[in-house]
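To keep things simple, chains are lettered A, B, C and D as they appear, and every chain counts its residues starting from 1.
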Amino acid sequence: MSTHDPGGIGAGSEHGDEHLAASGRADSEAADHYLPGADVDEPALIDVEEVRPELADPQLVDALVAPDRAVHARMGEPLLQMQGVTVRFGGLVALDDVTFDIRRGEILGLIGPNGAGKTTAFNAMTGVYRPTSGTVMFDGASLGKAKRFSITQRGIARTFQNIRLFNEMTALENVVVGTDARHRTSVPGALFRTSRHRREERDAIDRAMALLEFVGVGGRATEKARNLSYGDQRRLEIARALATEPKLLCLDEPAAGFNPAEKESLMGLIRHIRDDGYTVLLIEHDMRLVRGVTDRIVVLEFGRVIAEGTPDEVTNDPKVIAAYLGVPDAPESEETTDAPA
Amino acid sequence: MYRTARRASGGAALLLAATLVLAACGPQSQGGDDSTEESTSEGESESGDLMIVPSVQIDIDGAEVPAAEAGEPVDPAGDGSAECAEGTAIAVAGAFTGPNAALGLNIQYGAQLAVDAFNEANAGCQVELKPFDTEGDPQKATQVAPQIVSDDAVIGLLGPAFSGETAATGDVFNQAGLLSLTASATNPDLTGNGWTNFFRGLANDAVQGPSVAKYMTETLGYTSVCVVADNSDYGIGLAEQITSGLGDAANADCAPEVKTGDKDFSAAVQIISGSEADAVFYSGYYAEAAPFVQGLRDGGVDLPFVSADGVNDPQFVSQAGSSSQGAILSCPCGPAPEDFAATYEDANGQAPGVYSTEGYDLATIMLTGIASGVSDRAGLIDYVKDYSGEGLARQYEWDDTGELTSALIWIYEVE
Amino acid sequence: MPALADALLTSATAGPLVHQSLIDFNIAGLGRNFWGLTVEGLTYGAIYALVAVGYTLVYGVLRLINFAHSEVFMLGMFGQYATLMLLGFSPSGNAYDKGILLTVLYLGIAMLGGMAVAGGAAVGLERVAYRPLRRRNAPSLVFLITAIGMSFVLQEFVHFVLPRLTGGTLGGVNAQQPIRLVQPEVQFSIFGAPVTNVTLVIIGSALVLAVAVDLFVNRSPFGRGIRAVAQDPVTATLMGVSRERVIMLTFLIGGILAGAAALLYTLRVPNGIIYSGGFVLGIKAFSAAVLGGIGNLRGALLGGLLLGVMENYGQVVFGTEWRDVVAFVLLIVVLMFRPTGILGESLGRARA
Amino acid sequence: MSTTTPATPPSLPPAGRTATKDRPHGGVGDRFRLWWDALARPTQWLVGVPFLLFMAAVPLLNIPVLTTQGTDFGGVMAQFGMIALIAIGLNVVVGQAGLLDLGYVGFYAIGAYTVAILTSPDSPWNQTGDGMWLSREWAWLAALPVAVAITAISGLILGSPTLRLRGDYLAIVTLGFGEIVRLLADNLDELTGGGQGLRGVAYPRAGVTEDLPSGVFSAGNASGAVNSGVWWYWVSLVFIVVTLLFVGNLERSRVGRAWVAIREDEDAAEIMGVPTFRFKLWAFIIGASIGGAAGALYAGQVQFVIPTNFNIINSVLFLCAVVLGGQGNKLGVILGAFIVVYVPNFFLGRQTLFGIPIDGDEIASYKYLFFGIALVVLMIFRPQGIIPARQKLLTYGRELYVAARRSAARAAGRAPGRTEAAATTSGKESS
């Protein structure tokens, strides 16, 4: 069933409240602009199963979400290798000779105190910054001077620490932009509506709806991204990144601003993504979340790797405790500044 | 802080407005004393004394033609017995707004004088002068032209004023059989279109150019002339005619181009001062000619300055001041007789400008046609085709193409 | 249609149809007049530089291209003209001759008038148009469109409304008849290039103003505020710098310099006082700011002088009608190959 | 229960980001859109075609107040058609891709000059006349694709170096480009006639009769209800409809989504795999070729081109049409074009309005002042324009939107209690 089916058996009281709240909001907006009883300008929740009955089948949803299951085959081999990567900004060394691997099929946590270079490392992988020296190998080839969009097309997708959705687009359109990374029609095809264009468009919507269902935003597919709740926006970012059919999904503090219950459900989602055959890189402050979901953890401090290993190994590493866990409440304070409230 | 900021900016805005408005009132009381007591410039005569004075009339070979011995110009008032249908109108089309408005208004004001005189004398025939503003823009003109044509009251058109818009709309008037009598469109090509309704009330550039060129080489004896052209339709066309008319006397190394709207001519002045020329011909309008001649004189270039009808405007003298002294200006337009100038100034608050007399003369021709009983468009074309009469500016009589049979050029001098 | 392409090709190579030289190149002319052109170019360059400061300061502080700055300059021209009229001068074809001392005094007063009007206009512009947008956190495109709109409004104000307010004395469709206080006279020559009194006044005043504004921005407490906001608005605000005040001050300085430039410009081009007279000069001054490195005060000055000189060389090499094209092409080339300009971009970092 | 459920408990964080105040407000445009979207395809055609026919008939109906007095209404509508086409083209660049192009008039000029240079007897490259490639009858139509192709190429030439620049720099550079095009037209007088312009540009010879020896498109067809202006208006309507179809196809495809993504957040778009530079370049090329087509229409209608018609002030006027109508909204920008062209002409030559005496000519001459004020006021108070954009970016999936609408209507039916719910959410609203 759809998670948003108001009449669903599994719908607890929490669900019901949410629906009330959600539809109430749509109504209140409408009331701002129209006389009572007039049409509403913002679409409300969609009963996805009614419109797309096929999406009621979780197997199909999974198949649509992760079409390329072959990745399972080479489980454990390095997918992305940071090889002595150094990034300098003027005199400042943001990353200093950083070397670690991300292996196929794992969830790797990248942690470190503020300013340790986590986001810089992230940006070096996704082509936002070019390493001053060292190389980033992905899937057996150097990323070298590849353009950012072609890095995405080669299979690295990411979300943003401070959400960067296309606000004026609907949730569905946001995800379809992600699927476009795999599409081949361009201006001529679209201009004359070639058959390939039509096929790609149709497939894109099917896959995008499946992805929205997968992350739990299916009911809000036609809502503008800016009107989604904060949590839905985070989920939508994940759906959009998955839409590019990545081999490696990089999540930049996906739980920032979440309450414990939401974090819990996010962990479930991340695991599910991994189970579908994706490799996940997770940057996160919340140790509990990182420990709970990751297979391995890399710890950065002052631009250097100071520890690497399983969650248990890392959390017991004295260097790590000194550098990061030794500061009580650091994650919490971080979280509050990040939260968009 | 917030409040001070607001006060400061409010004050600044007030100051801005006050300065600008006060300035407008200031000079009316003070300007007078100032110019009489203090403005002595360079020991030359004051610009207030300088005027554009007609000197001679020349023909196509540049030879002087004795002033016309012809009789009285036709009076638009006629004998006061004209009868016509109520609502009879003649249209005048040209730029009445926009940057080129001065020329259009000169024509309109001139024509209005004739119409007023006619209406005053002929109680039985009240003719309306309907202005149609083209802004001098050909696309605008193509929208205005159908409007003129579809106005049934209009039996004749004075205009269009510029060559560009005339070219763009000529077909419209020709097919509507509406008389198009232009007072200022001087591009020679216009009469080559086979239009049967088009008549030009002055010499075209193909007459003015060679005439003035020959006058410069033959009469004035220049051997090397710098021809400076602006980028207007008129400026380029005239410069071509002048250059070919000058022949070897056109200095090929000294032909700087300027643009309408330019305010600074130092580069052109530098080119001229570095040349061996013995005269400068400026092909363009007064707005640029005034600062240009000033730049020449400031730059120490004292060569004779010759130009044509585009510069032949009182504004040229008042803007260029003493630098304009001795400038030789040609014009296919005739000088405005003194009493015409006086009436014109009374009515419009400004002295007649270039083409004012043409506007008056051509309107007069149409009015005499109406007075003679012409009541439709075809009749007026036929009337003008066969017309022969004296105007303020010259003798009007047209050949088959619509050009004047005897087109003479007037030479004026600033002194 | 290959036939058509053929025809185009043949007619292009056939020669007589197209004059061999659509553009004439006159390198010899450049060599002959080199120093004269340089002096002339520096004169213009000094004016561009002063106007460019306005663009660069505002850009440094707000990251905004104040498109309407050219109209601030234009209002400055009218301001100094109006001041001269208030002093009792009236338009005349000939230059007044008041003696050196009085002329300098009158010019000084006129310059103050121009500065007051331009400075007021710049601050008013900021208040009326930009501040509401800042409050609404508008994207930069919206700022730019607003600036274009304001540019139109100010031009058309002088074009249509001002003549109504002043009974036709100021503004309107035609250029103001010049009031000339200084008759250009050659004072001496450098390398055979004549230097006139007007040139001396313009370059001299521009240098003095440039040094003054440089000292102000680099040494005074207000200047420190400007640099602080340019470098890091958030931190500057936390450190107690009032951002709004800095912004106002920035517009004011830019306006004042534009007013001064307006007077100098009218000394050189007495007929230039017209509603549309700021537009192209504004684009050139902006090019100068980019050339030197936008946001960089000294860069604007350097860029102005360079642009003035190169434009002047260009118009001799290619022909006078290509003067504006030279400036525009220069702008495009700079932006393509070195968008940070010669001296780099930052107001704060490059020590302004 | 779906297996996805455990992974996705539908817990909404309390912070409902409804952001009512910065959301484009709806109004008439939205109502219309809702109504329109709800119609089935055939019904849309049933409504659309008669509306189009009505639009085509407007200049013939002689509607009392609407019809202009000082200028020919057909001519005004023809100009409107061209500016509307331009607005659609500029909208691709400014409204959809978010690239501020202040030199758009340059493409208009290139289109017009291409036709003029190929067909004017004054031009050295004139291809019409005896022994030449083009007959006078077909010259305009033959030159049209050439004009479109050349403007597309010039868009490519201008775009490839400049589209790497930041937005505000791009605006200034394109402004410079527009001026350069005009100055080239002015200075290359051997080719373009310079300030004299090029005369006698070809136009379609159609409907030649005894009364109209040069056909209905000739400027000579000036009298009567169906004058040349009306004919050119009809031609531009055809252009507009075809262009709208093509641009609509693009908008509802990967291309349109890429444009909007670039407008919203260029970096994010690039990271999501959108080749931003390529699609910006496409936007430029497509915008340019539409501008070129409009230029070709202009050259054919006026049959005379001259540099002063391609001033930078026109660029701003075009921009005004786009901004006024609503950036990104195709119908909006057409409305904007109508306002920009029609309103000044409405006042021209009008002495009374609803019985009140006015000086229409005077009012019309203030047009740039009013448009400038309109730009500033709109940017401050309603930056999204009269009809704000709600682009449809998907070719399929209409059923989803319809479903959403249906469920919204259902929710609206549940009037009681909703205010309470609204209060709880709005109380927790985050900024």
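Everything below uses one rule, namely that contacts are C-beta pairs under 8 Å (C-beta built on N, C-alpha and C of every residue); 3 or more make two chains touch, one makes a residue touch a chain.
Fair warning: this is a prediction, and the values are worked out from it, not measured in the lab.
J.: Report the connected components of the chain contact network with chain D omitted.
T.: Leaving out chain D in thought, the network of contacts falls apart into A | B, C.
J.: Which chains, taken as a pair, are joined by the highest number of C-beta contacts?
T.: A-D
J.: How many angstrom lie between the centres of chain B and chain C, each centre taken as the mean Cα position?
T.: Going by mean C-alpha positions, chain B sits 34 Å from chain C.
J.: Find the geometric centre of each of chain A and chain B from their Cα atoms only, then give the gap between the two centres in Å, rounded to an integer.
T.: One centre to the other, that is 74 Å.
J.: Averaged over CA atoms, how far is the centre of chain A from the centre of chain C? Could you give it in whole Å?
T.: The computed centroid separation for chain A versus chain C comes out at 49 Å.
J.: Of all the residues in chain C, which ones touch at least 2 other chains?
T.: Within chain C, the residues that touch at least two other chains are 319, 321.
J.: Pull out every residue in chain D that's touching 2 or more other chains.
T.: 186-187, 365
J.: Could you check chain B for residues that touch two or more other chains and list them?
T.: Residues 231, 259 of chain B touch two or more partner chains.
J.: Hey, which chains are touching each other here?
T.: So the chains that touch one another pair up as A-D, B-C, B-D, C-D.
J.: Write out the stretch or stretches of chain D touching chain A in their complex.
T.: Within the complex, chain D touches chain A at residues 1-13, 15-20, 23, 25-27, 30-31, 34, 246, 249-250, 252-258, 260-261, 263-265, 267-276, 278, 282, 286, 389, 393-397, 399-401, 403-405, 407-412, 414-415, 417-422, 424-426, 430-431.
J.: For chain B, which residues count as touching chain D in their complex?
T.: Against chain D, the touching part of chain B is residues 97, 132-133, 137-140, 142-147, 149-150, 164, 167-169, 171-172, 174-176, 187, 189, 230-233, 235-237, 259-260.
J.: Looking at the complex, which residues from chain B come into contact with chain C?
T.: That would be residues 1-2, 5-6, 8-9, 11-13, 15-16, 19-24, 26-27, 30-35, 38-42, 44, 46-47, 98-99, 101-102, 231, 256-259, 261, 263-264, 266-268, 270-271, 274, 287, 290-291, 294, 298-300, 317-324 of chain B.
J.: Taking the touch rule as given, give the residues of chain C at its contact with chain D in the complex, in rising order.
T.: Contact set of chain C toward chain D: 1, 3-4, 7-8, 11-12, 17-19, 22-23, 64-65, 128-129, 132-133, 136, 138, 140-142, 144-146, 148-153, 155-157, 159-161, 279-280, 283, 286-287, 290, 319, 321-322, 324-325, 328-329, 331-332, 335-336, 339.
J.: Which of the residues in chain D end up touching chain B in this complex?
T.: 70-72, 74-76, 79, 186-187, 189, 194-197, 199, 212, 214, 218-223, 227, 229, 298, 301-304, 306-309, 345, 348-349, 361, 365
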